[in-house]
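In what follows, chain A forms one complex with chain B and a second complex with chain C.
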Partner chain A sequence: MASTTQTNAAEGPVAGLTSRWASAAADTPAIWKILSLALIFGAWEIAGRTNFNYAFPGFLETMAALWEMIADGSMGAAYLRTAEPLVLGLVISLAIGVSSGVAMGLRRDVEWLTLPIFITMQAAPMAALIPLVTFVYGIGLASKVLAVVMLSLPVIAINSYKAVRNVPSSLVDMSRSFMGSRRQQVFGIILPAASPMMFAGIRLGVAEGFSGAVLAELLITPTGIGDLITYNRSIAKFAHMYAAIFSIVALAVITVSLLHRLEVTLFRPEKRGV
Partner chain B sequence: MNVTHLSESRAHSAPAAGDAARDAIIEVEGIHKIYGGSVTALENINLDFHRGALTSLLGPSGCGKTTLLKILAGLLQPTSGEVRVNGTPVTGPGPERAFVFQDFALMPWATVLRNAAYGLELRGVSLREREERARHYIDEVGLSGFEDKYPHELSGGMRQRVGLARALAVDADVLLMDEPFSAVDEQTRRKFQEDLIRLREIEKKTFLLVTHSIEEAVYLSDRIVLLSPRPGRVAQIVTPEIDRSGDPDAIRRTPEYLDLIDEIWAGLRTYVE
Partner chain C sequence: MTFERRDFMRAAAGAITATVTLAGAPALAQDDPLQVALGDIASVESLNLLIAMERAGERGVPMEMTFFNSEDVAVQAVLSGEADIGVGAPYAFIQNSDAPIRMFYRMSTLLFFPVVNSEVYSGWEDLDGQEVTVHSRGSGTEALMRLMEEVHGIEYSNISYVPGSEVRAGAMLQGTINASIVDAANFRLLKEEGGDKFQRLPLEGVNATDEALYANTDVLEARAEDMQVFVEELLRTWQEIEENPEIVGELREQYGLLQDLPEDVAAEAVPYYTEAVENGVYPTDGGEPADVGDDIAFLAAAGQVTGDPAEIDPMDYWSFDLLEAAKASN
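Showing the complex of A and B:
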């Protein structure tokens, strides 16, 4: 229970829909997850059948289209393309975001120097900057990677920073009073204590990275999953378009949930099996 | 023997020269602490803490008890003045002092056993040896059977016992305890106090206990240092002479115990009004 509140508090105003949904999903018993999914998909199916919009397919129709694209390999091929900027961008964001966030949390001078950059990045509407990025870096992989980084990096860095700052000072004092070295304080106390909030930020950042990857494919050049979406829209195969959108949302949710699992197994043994 | 349990009681803090002759494990000399250039938390503290004794620091909230204890622990630097432990000036935390935290300061991701062994872990004691020693002290504080539990599975009183076991496990000469019982309920608190008296007989350590409970100070201490409100100064030193060998509840009903509580309260009252 405690973990739920803590995660939500940590996400704060920057919470992305996918991530919040996923972390809630990771904490609730399976039966509720299934029930909630059934409700959503049921409502979707009914909405599709009312024909309020000719371009809105029902759930079953969408799933059929999804299966078709998986079967003919077009889905797999699209994800191979999309994965490239997404994975590269996320790796860069994680490396830079976590390390600079931790450094800002540990050292005032780094905080003064670096924090304003991330705050500006987070406040700026990044989607609006993508055309600018294209102008500078062209329409290749670099621009797409940059789009992912721009969206995911600030959240990861700022949450890592806040996580380190929020470590109870008595825990650090405790380590110090037993003569822990700075190294022992950082790796033995500060990082494990900061990990829940840090991972909340990472989950948000990864969700943002998915947005970045798709945005880049929609705004820069249609490749991968972005191409599947635009192409199917242009030829009015709306069930296929929705299937592509559905697949990326589902993938983001699954990735974010897996991250939650990873965190618990790596850092928080006390939450295992709770 | 009768009503005179105030064997030393001074209005000001200047220590008598005779004090130094007694075996002082910690000597505090002219400590001032000013926070952020304006908040004077402690003013000219001169004190000796005797080896093997349990001394309480008693005073109203905000008078600088935690500040003084952290200075003794080496966690805070005084603005001026010196603390000596076994004659050596304190520059930081040391192996001869161990701290028990008001909020327990347990690692939520570690089991009771690992928490209790943490001090030894930092000192590079091998896993086997430190777990063996930690188990011994976990047993001594009455927590055997809970070694593999996590802090969130324990009550507040049990968590503080883990904090105590951790401090005992490093075998320091001095235990510095900052309101160790303040976060637990009254029954647990009393049980804890009784256990502490028993523990003192086994462990023969020097205890420094911060509290703002007069009853607790009188019940537990060989010596009570009363601090005045901010800026914290030593207002009075009281030496209760209470025979603690009998039934704990009977002790709490003895006239010596009750009178001393009244007397200290009368002294502190002047600050509250």
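Showing the complex of A and C:
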């Protein structure tokens, strides 16, 4: 996300604006980011101070609560609990999602058999299905891992499938005309060509995984970050509740931005170093 | 152009006035039904409240009940004026947010049964250094267990959270957990299934509000007459149930309350109220200032509120005017 802003800010002025200010600003995109954050947080602080809602703390109060929770270790402990289903779920989703996506892309029969499952999973409102999961898998770790998988797996699988399917046929033809074996075709041509889009799918899948982990902790049993949210809500410590929500949003944004940066570095040399 | 602009301004001003009037209306209109916000679904435990609401309706104060996902949402509805009366015990909310809501009627006191597997433990002292299982963090069950920790000078090794009395009772029957706290219905279940295997541990000196009724101070003033009628009916209903719990069954039929309850669940109503009355769950006085101190002491043990029970001002949490007026007129 951060990189998107960066590229846009860098390309925009070249196309249209010519003023010195704009090009100076384009060279220092960090200023714009800080300004936009300051604007949002400023609006938040003002909204908090107007007391329009008794349960809405201002930005500074929320940050103080965030710091308090980091300092007393409760935030760290909560993230250790949340990381368990999140990481397990994402590892499972990546393994199954990428392999089944590639298999679907390469073979029509696999596609007919499996694609409908992923499309159903992607279309179904997961929050409504989570109670169902608890009936089968109880309220332990298994249910939470499954909630993460249910949200992230279809995105990863479908994107991998589309990536493989959309590899330019001219590349495959070229491989064939050089008498490449099927193995060489898959590992030398198709997978490298499909990687950028597969990686974009992984990034989306990880973002969904965060939603799954939080949903599971709010809807199944409150543990980790979900516990911080529900507990602080139940005892009306709203600044702490907002701080917990803020932290998970920030963490998800940072993770997804880092993945995006990794994607650019690995697969898109044309966008690097802009 | 000028005319158009003037017309536009006039229309806009009219729209704003209309919006403001509409937004302000629900809390103040006298003839609207009093909306009661319940942070749960209605069950046999809400029958006494529903009966009192019907009776207030008979005396010209129409009342309606709305169901919310949780007590926190119900508080928000009361604060925003979408509901007039809430059900719960929002001490922590009042203390932490300074919101202008006050409790005005104590409906029930907390009744839970700390229970242990008698093959493993025999008293509170045995729980020192052991794990106990409660409903959730910040819940009444946790507060009770924490309070007992203090009273008996023991320390649990860990408190684990398993939401739902029936789930904890199931786990005790399976032998997964050996010390927990369950509600009356599930304590009965444990006794039926396990007999002497499950032992109830004594809970002395706990006087805590389970559910109270609260309202915005504006509503308490603006609709004082209607509210007083409601409180009079609450007092009357609670008193009648105290004298004869079986009346709940009759009144449920008479008013056609909770018609969609399954037969077997509805049949639980009279035994439930009989047992609750025996255990003093439903106080007949509607609450008094001394109870506020007890509540604060209890909630402070669970870490939900802070402050010395002796120093807090009950009027920061409660308004007893309605109750006194209702008692005087009854």
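Throughout what follows, the second predicted complex is superposed on the first by the 233 of 274 C-alpha atoms of A that agree within 3 Å, B and C clash if a C-alpha of one lies under 4 Å from a C-alpha of the other, contacts with A are read in each partner's own complex, and residues count from 1 in each chain.
Basically, contacts are C-beta pairs under 8 Å (C-beta built on N, C-alpha and C of every residue); 3 or more make two chains touch, one makes a residue touch a chain.
The shown structure was predicted, so the numbers you read here are calculated from the model rather than taken from an experiment.
Contacts of A:267 after superposition: chain B is touched, whereas chain C is not reached. Contact with neither chain B nor chain C is seen for A:33 once the two complexes are overlaid on the shared chain. Greater residue coverage of chain A by touch, when chain B is weighed against chain C, goes to B.
By the touch criterion defined above, A:221 lies against chain C but remains apart from chain B after alignment on the C-alpha atoms of chain A. Of the two partner chains, chain C is the only one that A:238 touches; chain B does not reach it.
Of the two partner chains, neither chain B nor chain C is touched by A:49.
Using the contact criterion defined above for the overlaid structures, shared-chain residue A:177 touches chain B, although it does not reach chain C. For chain B in complex with chain A, the touching residues are 70, 73-75, 93-95, 97-99, 101-103, 105, 107-110, 118-119, 122-123, 150-152, 166, 170. Those residues of chain A that touch chain B in the complex are listed here as 2, 168, 170-171, 173-181, 184, 188-189, 192-193, 267-270. Those residues of chain C that touch chain A in the complex are listed here as 72, 76, 79, 90, 92-93, 95-99, 136-139, 161-163, 167, 303-305. Contacts from chain A toward chain C in the complex involve residues 53-55, 139, 221-222, 227, 230-231, 233-238.
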